[in-house]
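You will see chain A twice below: alongside chain B first, and alongside chain C after that.
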Partner chain A sequence: MQDRARLATSPPRPRWSYARFQQRLAPYVFTSPFFILFLIFGLFPLGFSLFLAFHLWNPLDGLGNWRFVGWENFALALGPTDQFWVALKHTVWIGLLSGIPQHLVALPLAFVIHQFLRRWQGSVSTVLFLPYITNAVAITIVFGMLYSENLGLLNYLLHQIGLGPVRWLAVPQIVPYSVAAVVFWRYVGWNVILYLSGLQAISEDVYEAATVDGASSWQKFWYITLPLLRPMMFYAFTLTIVGNMQLFEEPFIMTGQGGGSGGAALTSAMHIFNTAFRDLDMGYASAMSWLLFLAIFVLSMVNNYLFSRDGGRDV
Partner chain B sequence: MKKSLTLVLASALLLGSAQAQNVTLTVAAFPSLDSAIKAILPAWNKLHPNVTIKLQAQEYADHHNAMTTALATGQGLPDVMAIEIGFVSKFAEGQGLENLDNAPYNAGQYKKLFTPFTIGQATSSDKRFIAMPTDIGPGTFFYRKDVLDKAGVNPLTLQTSWESFIEGGKKIKAKTGAYLINTAASINNVIIRTNLKPGEGIYFDSKNNLLVGPDNARFVRAFTLSKQVRDAGLDAKIGEWSNEWYDAFKKGTVATQFSGAWLQGALQNWMAPDTKGLWRVQNLPEKGFASWGGSFYAIPSKAVNKQWAWEFIKFMTLEQSSQITAFKDNGAFPALLAAQKDKAFSEAVPFLGGQQARVLWRDAAAKTQPIDVNKYDSVAEQIVQTELTNVLEQGKDIKQALSDARAQIARRAR
Partner chain C sequence: MTTQPLKTPPLDSSATSPRPPRRALRLPVGRAALWVFVGIACFVSVVPFYLMFVWASLPTDQIFAVPPHLWFGSAAVENFNKMMNATSGMALRQFWNSLYISVLATATTLFFCSLAGFAFAMYEFRGKAALFGFILLTMLIPPLVMDIPSFLVMNNFLHWIGTPRTLWVPGMANAFGIFLMRQYIMSALPKSLIEAARLDGATEFGIYTKVVVPLIRPILATLGVVTFVGSWNNFKGALIMKLSEDSTMTLPLSLRKITGGATNINADWGATLMMVVLTVIPLLLIFLLASRQVISGLTSGAVKD
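This part shows the complex of A and B:
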């Protein structure tokens, strides 16, 4: 009773106190910049592009002047003659041409560096990593000069051994290989670094035990390195799939906005960019962006499925 | 008396402060129009010392992307917006620019002062006039006189018909080894742009009917002649704005080039300055006249200083001295008819071996017909170019290519 009386007469707690703010609100205030930026630059564009995918909108008409068209944009993209399919086919083809060799080269290369070039690992990695951090414009200009039909180094070398000039960036059948070579060159180092870090995570004990058991280098690679590298391979493959499906800079700068001769290097991302900013058809471009997202999602799932089969359940 | 004097003094002070009020006018432009503006600025500053021009120049594509975004959101718009020919029809179809026919601009009275076809280019399909033309690019036919002389080919025979153009090309190739043209695709580009009937655009007519197709004689001829040139091995298969292109100009390995008159300035200044005196120009084959470039100024509806923006645009486009300054600065061919009568136009062009080329270009510009533009022109252009490459590089049947192009464009033009 006495207690209750005292409670009733005790002064009310202040509404705002620094200590209370510190405890309860400060964490939210300090983390809020991320959420605010994410809302503005992450979530809003995502939602807006989903909204636009169902509308016909020319940006020059200003905000608000859009017309609801339902699934028309998606139907248009998925129509049999549309360039969406052509561009997607180019993207996947260039992606395969550059992606598969990337891993076929990067993995053994990382193994060799890890096993035999320990002392030089730092400098070798740096050299391999340089293309990845070099500006794409600079790279494509240099390759443009290498590929040049009359003035290029490649055709000069071919000429020296008596072969005719190859139109590297002009014949539609050759263009995907020329672009894929640049993409391969640019990202192979990145994959080597990924695999190297994966290799370093494998305990030396395993290799020592194998050596004691008389395993050869090849056996060590096949039975120890490869299985233990699976998580890193899964990660590297996923990055390659996502990156190659969104390929834009290299073909755009080397072959121009239209994807060069016959549009042979017109990738999905370039087609979306052209539709949005040259043709000013934002709705159609947004619909294609979502379809591209779906394609990347499906391919990533296939990759996931392949890796989680036979013994890789822990991935 | 004293009271009224104070009143007079006070009002004079007010007026003075109003006149001295400084205005900053933002002008967004792209190269090399920005260089022309800079050259004209001293004259403007002398006339309007209180109006400061803030020039925002970006690369061609960046500028037009930025303007597209600004018009879409209504944010960050300049007072004066420069627009290049490649974008003017799209910008005209949008609703974000002032209709200059309306008051207070009343631009209708000035239209007859400009080269006629440019007015059509800046007019939307619902007849709004959204931009004032400042420079134009008359289409012309460059050729290497030395190469043609060596081959014994009279340049006029190349001009008579497309068939004689190809025949001449064969002779040039046989005698000198030089190619007739950089790429067979440029023949297509000239043919589909010239000799259009009234009410016809390149890809669509004025009623939005699609013209591309296997039954359209213009496209069939353009594709057929391009293929003939490719099959005869007369084109060097090199794209424009490539190192090979510049190299061909320097070495004379390509005998002719269709282009806007502005190519002369580019050749002289940086592409092939050492070939001075070797080039000549004439009109396009089969009396084809075409517009090959041009720039415009527009006022966004949400601009802050519309009144001064209009004064500035008038100064850039209607003042003969400004137009001549731009012409002398970077060869921007005046859209203003009066400026084309300047004595600089009858002067010989040393780079073209002393030819009076500007008179020829002036006549070509006067004969160029307005072309109806369509907002799906860029879609059609890309699809037609791709199908043409299929014909040239992969031997696709011409009728099939054109009907495929027709189907693809029809789907996109909604």
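This part shows the complex of A and C:
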């Protein structure tokens, strides 16, 4: 307002006024923090990481003491000697073990809550959402105790019904299931919330029209709910894929840095972490992180393709 | 300034929209089965929380007793003392470290993201579409790809390694927050309101503080909780940025240290469980206070755009 007063007394300059100047400038100033931060903590690091992917470098040797190796890092990762493929296989396997049940449970659960639990909807979704906000380290420790071989609650319950103890965290074939169960537990509620909000966005009119036409509950679910929920399913699947491919904390805490016995729970993210921060091989680790990025990208594209193809036919 | 009191349009249509009652299933058995299904899901969600509180109150030798103890014991104080010993007296300091980082992350994120969201929602300016598109594009970068280069920037260029700054500065203005804010402001604030404030002589920043901020409290609460929880739970970041001294650690790191791996049967489980509880309590409190808000706010912009 002071500016106004000042401007009023100054000679008329129709082409420039402070009010208009700051109005023009404001959006750039307001949005600039993101771009400044991204430059320093995003774009530059990304470029540096790409640069390193083609070099051999130990960060203790200091800046500049890197050796150009071309595609060697990538070749090493994709070659037969390294654990890259093994870790990727574990990652995808644990991802499928936790991801598929997540959606198979979350979708019907959301449907039931939406359809039949009107009064309890808020409370139930809050309870189901709780695991999502929990600290992964804390909850993984709790699950680790449940899995304890001789003294854990799970084996105690199995014993009560006459089944022998399962070595949840010791047998390489079982470990992926044990880890996947924690991931499943943490993210079911999140997916329920997504599906619930998708269901609530579907107009009642569609269902009423179908009722008039004599559609059964099952038909309504199959021919109305599922197709109209497709965008939300696509979104939820994408989040699951992107998240599961970067799985780190649960297997890291539950089985230790090396992925437990036989390295059965060594995920790609853990392998990259170990290569970078334990072995200090930054170039190689960078190359692998870009390969993993590529894998995530390809899987997302496959997901995208499947959804867009089916969507075109049904709707 | 003479702004008319403005009713914020209800955004969380998902939670409260009136729906005509549905016909219930005809079979009572079917209905019971549905309740059982939902009941089991809720039970499974809650049981680990219950167990962690029970275990934190039991002496270490009873935590793994056969048959298991499933009710609270009286060793909570003892376990608390053990936790303090196991962390060389630093447990509460570590709680403070986590809190300090999370509060700073939340405050800065709310400020910068709402400011940028306001600009993208309410201004027309050259390059707007391109800039916003660019921000959305950055969301496609998996966080994992940033781990190594961020460490190197902190380590070799900024020399910030081992300091709390490494954890809250890079995320102050993030794509997700800006997107969420823009979506909300576009749907909740009419442009005429901004024009009116401008005619009243408000500066652009004044419009933000006096008009926009008071009207976007619900979404600020959502983003605030999400940011706080995310920051509080940031384990990998703290691990990479080497907040590894007893006095600089955040709680999740300390938790891993005193456990020594989840399969270590010799760990002091009473102390560990007490720290698990210490780690989880702020999350439970903040979430139970704002859960409705968070849930509806998080999903409001998910697919509709």
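Convention: the second predicted complex is superposed on the first by the 284 of 315 C-alpha atoms of A that agree within 3 Å, B and C clash if a C-alpha of one lies under 4 Å from a C-alpha of the other, contacts with A are read in each partner's own complex, and residues count from 1 in each chain.
In the analysis below, a residue touches a chain if its C-beta (ideal position, glycine included) is under 8 Å from a C-beta of that chain, and two chains touch if they have at least 3 such contacts.
Quick caveat, the model's predicted, so the values are computed rather than measured.
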First (chain B), second (chain C), both or neither touched by A:F277: both
Partner chain in contact with A:L151 - chain B first, chain C second, else both or neither: both
Chain B versus chain C as contact partner of A:P165, first or second or both or neither: neither
First (chain B), second (chain C), both or neither touched by A:N65: first
Chain B versus chain C as contact partner of A:G263, first or second or both or neither: first
Partner chain(s) touched by A:V124 [first = chain B, second = chain C, both, neither]: second
Partner with the higher number of touched chain A residues, chain C or chain B: C
Partner chain(s) touched by A:L37 [first = chain B, second = chain C, both, neither]: second
Intersection of chain A interface sets (partners chain B, chain C): 59, 62-63, 144-145, 148, 151, 256, 277
Contact set on chain C toward chain A in their complex: 13-15, 17, 19-22, 24-25, 31, 34, 37-38, 41-42, 44-46, 48-49, 51-52, 55, 63-68, 112, 115-116, 118-120, 123, 125, 128, 131, 135, 138, 141-153, 155-156, 169-170, 172-175, 178, 198, 201, 203-205, 208, 229, 232-233, 235-236, 239-240, 251-252, 255-256, 259, 261-263, 265, 269, 272, 275-276, 279-280, 283-284, 287-288, 291-292, 295-296, 298-300, 302-304
Residues on chain A engaged by chain C in the complex (per definition of touch): 1, 3-4, 22-24, 26-28, 30-31, 33-35, 37-38, 40-42, 44-46, 48-49, 52, 59, 62-63, 105, 108-109, 112-113, 115-118, 121-122, 124-131, 133-148, 151-153, 156, 169, 185, 188-189, 193-194, 196-198, 200-201, 204, 217, 231-232, 235, 242, 245-246, 248-249, 253-256, 260, 269, 272-273, 276-277, 282, 285-286, 289-290, 292-293, 296
Chain B residues touching chain A - in the complex, by the definition given at the top: 65, 68-69, 71-74, 90-91, 93-96, 237-239, 242-244, 247, 375-376, 378-379, 382-383, 385-386, 389-390, 393-394, 404, 407-408, 411-412, 414
Residues of chain A that touch chain B when the two form their complex: 56, 58-63, 65, 72, 76, 79, 81-83, 144-145, 148-151, 167, 170-172, 256, 258, 261-263, 274, 277-281, 284
